[in-house]
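For reference, the structure I am asking about is given below.
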Amino acid sequence: MFGQLIVSGLAVGACYALLALAMVIIYKTSEVLNFAQGEMAMISTFIAFTLLDTYQVPFPYALAITFLFAIVLAIFFEMVFLRQAKDPTVLGLIIITLGFEMVLMGFVGWKWGPDQRALPFPVSNIEAYTFYGLIISKINFWTLIVSLVLMLILFLFFRYTKLGIAMRATQQNQLAARVMGIRTKWIFSFTWAISSMVGAVAGMLIAAMGVLDPPMMMDPLLKGFASGVLGGMTSLPGAAVGGALLGVIENLFGGYVSLSFKSVVAFAIIVLMLCIKPSGLLAKHYVKKV
Amino acid sequence: MASILKIENLTIAFGGIKAVNNVSFEVEKGAIYSIIGPNGAGKTTIFNCISGIYPPNSGKIFFKGEEITHLKPYRVAKKRIARTFQNIELFSHMSTMDNLMLGRHIHMKTGVWRGATFIYKNSKAAKEEIEHRGKVEEVIDFLDLQAARNQFVINLPYGTRKLVELGRALALEPELILLDEPSAGMNLEEKGDMIFSIQDIRDDLGITVLLVEHDMNLIMDVSDRILALNFGEKIAEGLPEEIQRHPEVLKAYLGEEEK
Amino acid sequence: QAVRGVTDTEILIGQWGPQTGPAAPWGAVARGTDLLVKMINDQGGIHGRKFKYFLRDDSYMPAKTKAIAKEFVEQIGVFAVVGGVGVATGMTARDYLMENKVPWGGPVTGVYEWIHPIQKYLFAVYPLYDDEAFNMTGYLHEKLGFKKIAMFYQNDDYGKQGVMGVERYLLKHKIKLVEKVSAEVTDRDLSTHALKLKNSGAEAVIMWTNPTGAALILGESAKIGFKPQWATSSTLSDSALMMQITRGLWGGMITSFFGELPDSNHPLMVKYREAHKKFAPQERWGVFYYAGIIFAEPFFEGVRRAGRNLTTESWVKAMETIKDFQGIGPPITYAGIKDRQGGKHVFYGKVRPDGSIERITDWIRITK
Amino acid sequence: MDIKRNYYEDIELFKSNTILVWSILFLIFLAILPWFIMKYHLLGLSIYIVNLIAVHAIVAIGLNILVGFTGQISMGHAGFFALGAFTAVILVLRWSFPLWIALPVAGFVSSAFGFILGLPALRLKGPYLAIATLGFGMTITTIIKRMEFFGGRMGLQAPKLELFGTPMKDIHYYYVIMVIAVLMTIGAVKLIKTRVGRAFIAIRDSDIAAEAMGVNLTYYKTLAFAVSAFYAGVAGGLYAFILGFINPESFHLIMSITFLAMVVVGGLGSVMGPICGATLMTYLDIKLQAIQDISLIGPALVTLSQKYMSIAGISNIAVIVYGLIMILIVLFEPLGIFGFWIRTKRYWKTWPF
Amino acid sequence: MAIRGVSLEVQERQIVSILGSNGAGKTTILKTIMGLLEDQPDKGTIEFIGKRIDGKDAEDIVHLGISYVPEGREVFPELSVEENLKMGAYTRKDRKGVKEDHERVITHFPILFQRKDQWAGTLSGGEQQMLAIGRALMARPKLLMLDEPSLGLSPILVKEIFGIVKTINGEGTTILLVEQNAKMALKISDYAFVLESGRIVAANVPNVLLEDEDVKEFYLGIRSEESAKGYQRWKRKKRWR
């Protein structure tokens, strides 16, 4: 059982990690906690659903159109709402994302109704691979692969292009960043677009593993957020590590101690970790110097 | 006169770099004592150690004969040591008045219950508040801050903000005040005023001053004694005239030619 | 003297139900009732009075439900509340409605709260979950011969009453429940839960959860090759939906039912389906949509029996005369002033691989 | 500066007679409001809704002490709210405490937990603090759910209270709640103006400087949590009784977020702001579905839904509008509704010019 | 209104200083040129090498070749010193040139090399100032604008800074300098403007300005020796209120 718990822990962890990644990308540039992340992913998934189910669009095309939609949606939100805020406080920005979350949630409910659906997906969520007696469903396996690859690409991209540093610079001091010639507005749009795409991937995978309905991202998003914090909100590898850790810890706790406190324990552990390392596992703690 | 502050073999390192290395000095009560040294010599770090923001790796700090080495900053403040900061650290969304009132924090007692429930002018909380406002008003007069009294400090000019910060430190009624580059960013006129203010603080209020500055005119005008640091180490200590001529100080800090 | 919400031509009635938020799928019930109202009005109403129906969205938040109840009584002035989804939500309104003598027919949950203690103006319809679970365990154990039974339930009042019933039966017959696994309503990862169930070696698993939970646990179980006989409550009797969201795993499920099957030839069902085409063609003809009819039928029957002289008291009297009344739901009987639990029957069906349902029993009485 | 200042002016509640007069008028308004509501159902209000608004306002004022003044975020206030609710109900139900004792006790129980939560929160900032508080809120409700003592997941029925032998109705609760709300508002205003409040704000603006001026960070940060939780606890106690039935499920994350939204939308860092925010958000939350009943818009929305959207989801329009209002207020008035109010006031003051 | 009716021209390859007391509007001028103010100038135009740049975004202006050392350092506190410098060269594509400039910065400010992996936020005040200047140099701008570069630097470094400015200028960079330290600034400038309450009150080559009694007294602190300190303090206060 131990091995199986770890394997399925890693599999969920991968989803958490993707969402954490999406949140971290945005937080890295603008210090905004994007609570609309889940709903953005959810609406993208519904678009994919409509394409696949109603219009019978072949999967690769549907995927491409969905990504396009995710990008447009994110850029729209960033430009039309966030950017227009005058003298925004961090909290104000959070509330804007919360408002946007409601708008999206309402829109999806209005358009598609509240019923649960199944997202047609090329990879089965029931068939499984077996390695040395450990069972991992095809979709979980591919989720792991996809998130690892995505993580690696993003990590390398941000590490080895100037852009990665520029993103952090933008978060820390927008004025100075602009004075360096960093096109902060462009960076914002860009990161929102990337993040929304990563979110859409997560959304589709989560829907394919379970059920597609408007509230489907509420729990995963929280866990994703928790993973991001656990790993350190400014660290991409942190998001991956945080997600995997959270998934595994949760599963082990659920398996051996108590299922009913499973989801709470995740938070308890995070709080304990934060007491020791206040900025997450992989981010350096900064104390302002006077 | 007895020494009010005594530092013994203070050492602190950040990841291998010794920011302050085995520095000892004593400040006499009622003196204006200056610390000079090139950028990154460890002056601010010494201040941070005294006020408890950084715990030193080794060495001891005594205030009025009592050891304060590992006290938390607020406990140090309670011993009546106040300070200003190199990059102004004011409460920017409070008025000047409230900034200074915060300086009175340690002298006041009102807690949550009393604060939330006082009703009339003679309630304890109100009385205390009024009394301390009176004190603050004295500080405001002392520094000529009347014009800024009710403004949010975020809207004040740089020079005035520096004064407010000084005022906040004075409001604490300290016995020792640590001033970190009080005249940086000021124009000549304001620098001149600052010289008088520092002297007044010592002469009128009887507060011992520990000063870090890069403006040599100011240093020479006000200091009783000067400590010169370089790379965290003491290179010289003495009267202003001695320091001014000290070869190492000249080399590391003042620049050799000129004058 | 005037009766609140009743005029010469009109009777005002109201219902709350989540139309938004996570519980919104259940909100279909409230819209189903609307269909019945439209149909009745279309036929000229009852005793010359047509119904005016107020549907309010409470998003499954108790504070809102109470506000709606107050609006119904103080501002709109309804004659009665019909249906109403949710326990926690309904409980904030129950006492208030009763104090104000507002008739309440057919709350949309099968819990004890509605009949314990007996409320004079509250007539429950939904068969009790507890009894349902008790009986279902018996069915699995006695009729189908399963010895090792496990339970998977949702961590809320609904799931808990299911557990109560199952455990009550097992205790009575001195059998041990091999495993009892619960999930939060919001949980989207049930892999550990499935693993625990599998490790228990259960032959049959009774499931008391919402559609999402059911789909997830079936998926996870299939993944790890755990294939017991599943059985579940009437809340999951919408097999068309379940078939779709479980991607076919629903086949073989044993379900209890509180109403006719969606494609039943029952004459009333035929009539309702026609009305559905006429008045609300956009709605999906799902079990919970027409459940809105099931839970409201007895109320209207009461109004019919009360006659033209409709008052709160006359309605209560009329309701108490209902014996073996059957619409498309279970037979309804209110045996006097001590009995406010109308529905006491369910029937069982087994889901065929194509999603259609094989009715394996007739209506079975589950409440003694 | 020869004018002798009367320093009391600065901390006086009513700085001028105009404010005093307005305050008295406002109190009178509050006193007779129920009569208007019962008679005319102003804006579709019922006394119950006003009670709910007042309870939310108390939470929001308390939350603002933490968020707006001390600069620490909390996404777990529903937890404190729940603690207060359950404590109050249990005290009255199991040990027959009178309400006027049960409420403060509920407040103190919450505030004790606030203090505990404040400790790990000391070094945390931003998202880290958000997740810690969020986790706290979820943990509290999960624990309550698990304990039969608290009624388990079925929840608890609040006992019916009596006032001079007659059962208490909404209108009685109204006056009880209003008195408490007004007192707690005044308390918050005064607290902010005196030593403790100053220390809170100082921590928000520069914790290092605050500490160097003698403010004990540990103490004041946890104190802010405790005070804030106290407000939530008292409000929770009231909430339980106006609702009549409490269930741990209903104190969820969305509730915490709504509280936060009330504070931000109303205006951070003022005492009136959160009150405005609580009023608006609560009212909208309950009444927004009425847009479907408005004469012209309603049918248009139905047609729209039939044509392009789904009729089953039509109620979601209210959610969309709610979200949009939230966004727009924060977007165009960073100081919240209260900022808007200040601007209009200033505009009128200088009006002809 | 922080500045009004200001016209100033900076010739190529010159060092031009703007002097003036606190709050005179010096920073505002630089920020306006950089396009950093939310409200673009109500009236007037800004041109750079013949191109209108008013109304443009700061980012675009930087790309045109203007570099700016903002008042108050504004380093990226949680980036290392090295990364801060890298950001300075953000707009540049020529790796070799960047490397050269990096070396040059390090020879000017060796301490930055010693601290290269330290977070900029934990540098001492003066080190941060050096970093801010170094960072701006990394862009190898056509026009370098410095806002009080000597703030918080030790006397020896102040001299050095002015030396560096002179050197850079010699290498072909035009310099617009805002300074409190008027004496030093005038020493290296080719031209200077004196600003008072948002207006230009004097503009000339340093030699001429140095003759001006008012300028001498108020900006250079050269005062008649006989006046007692205290008396003068009061007099000055009165006159400037």
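Going by the order they are written in, the chains are A, B, C, D and E; count residues from 1 in each one.
The rule is simple: contacts are C-beta pairs under 8 Å (C-beta built on N, C-alpha and C of every residue); 3 or more make two chains touch, one makes a residue touch a chain.
On a predicted model such as this, the values are computed, not experimentally measured, just so you know.
Asks: I need the common contact partners of subunit C and subunit D, sorted by label.
Replies: A
Asks: Along touching chains only, what is the step distance from subunit A to subunit E?
Replies: 1
Asks: Between what two chains do the most C-beta pairs come into contact?
Replies: A-D
Asks: Where the centre means the average of the CA atoms, what chain is farthest from subunit A?
Replies: B
Asks: I'd like to verify one number: the distance from the centre of subunit B to the centre of subunit C, where each centre is the average of its C-alpha atoms, in whole angstrom.
Replies: 73
Asks: Take the average of all CA coordinates in subunit D, do the same for subunit E, and state the distance between these two points in whole angstrom.
Replies: 49
Asks: Just curious, how far off is subunit C from subunit A if you go by their C-alpha centres, in Å?
Replies: 37
Asks: Averaging only over C-alpha atoms, locate the centres of subunit B and subunit D and give their separation in whole Å.
Replies: The separation of the two C-alpha centroids amounts to 41 Å.
Asks: Which residue numbers or ranges of subunit C touch two or more of the other chains?
Replies: 19-20, 24, 27-28, 155, 284
Asks: Multi-chain contacts in subunit B: which residues touch at least two other chains?
Replies: 44, 53, 85-87, 89
Asks: By the touch rule stated above, which residues of subunit E touch at least two different other chains?
Replies: 122-123
Asks: Quick check of your reading of the touch definition: is the inter-chain graph here a line, ring, star, complete or other?
Replies: Per interface graph, the chains form some other shape.
Asks: Identify every two-chain combination in which the chains touch.
Replies: Applying the touch rule to all chain pairs gives A-B, A-C, A-D, A-E, B-D, B-E, C-D.
Asks: Give the list of subunit B residues in touch with subunit D in this complex.
Replies: Where subunit B meets subunit D, its residues are 51-53, 72-74, 76-78, 82-83, 85, 89-94, 97-98, 101-103, 105-106, 108-112, 114-118, 121, 125-126, 128-130, 133-134, 137, 141, 146, 168-169, 172.
Asks: Residues of subunit C touching subunit A in their complex?
Replies: Within the complex, subunit C contacts subunit A at residues 19-22, 24-25, 27-28, 155, 181-184, 186-189, 191-193, 195-196, 199, 211-212, 215-216, 219, 222-225, 241, 244-247, 249, 284, 286.
Asks: Show which residues of subunit A lie in contact with subunit C when the two form their complex.
Replies: 1, 4-5, 8-9, 11-12, 106, 109, 113-118, 125-126, 128, 135, 137, 140, 206, 209-211, 213-216, 218-220, 247, 250-251, 254-255, 259-260, 262-263
Asks: Within their complex, state which residues of subunit D touch subunit A.
Replies: Interface residues on the subunit D side: 67, 73, 120, 123-128, 130-132, 134-136, 138-139, 142-143, 146, 208-209, 253, 257, 260-261, 264-265, 268, 305, 308-310, 312-320, 322-327, 330-332, 334.
Asks: Would you pull the subunit B residues touching subunit A in the complex into a rising list?
Replies: Result: residues 44, 48, 53, 85-87, 89 of subunit B touch subunit A.
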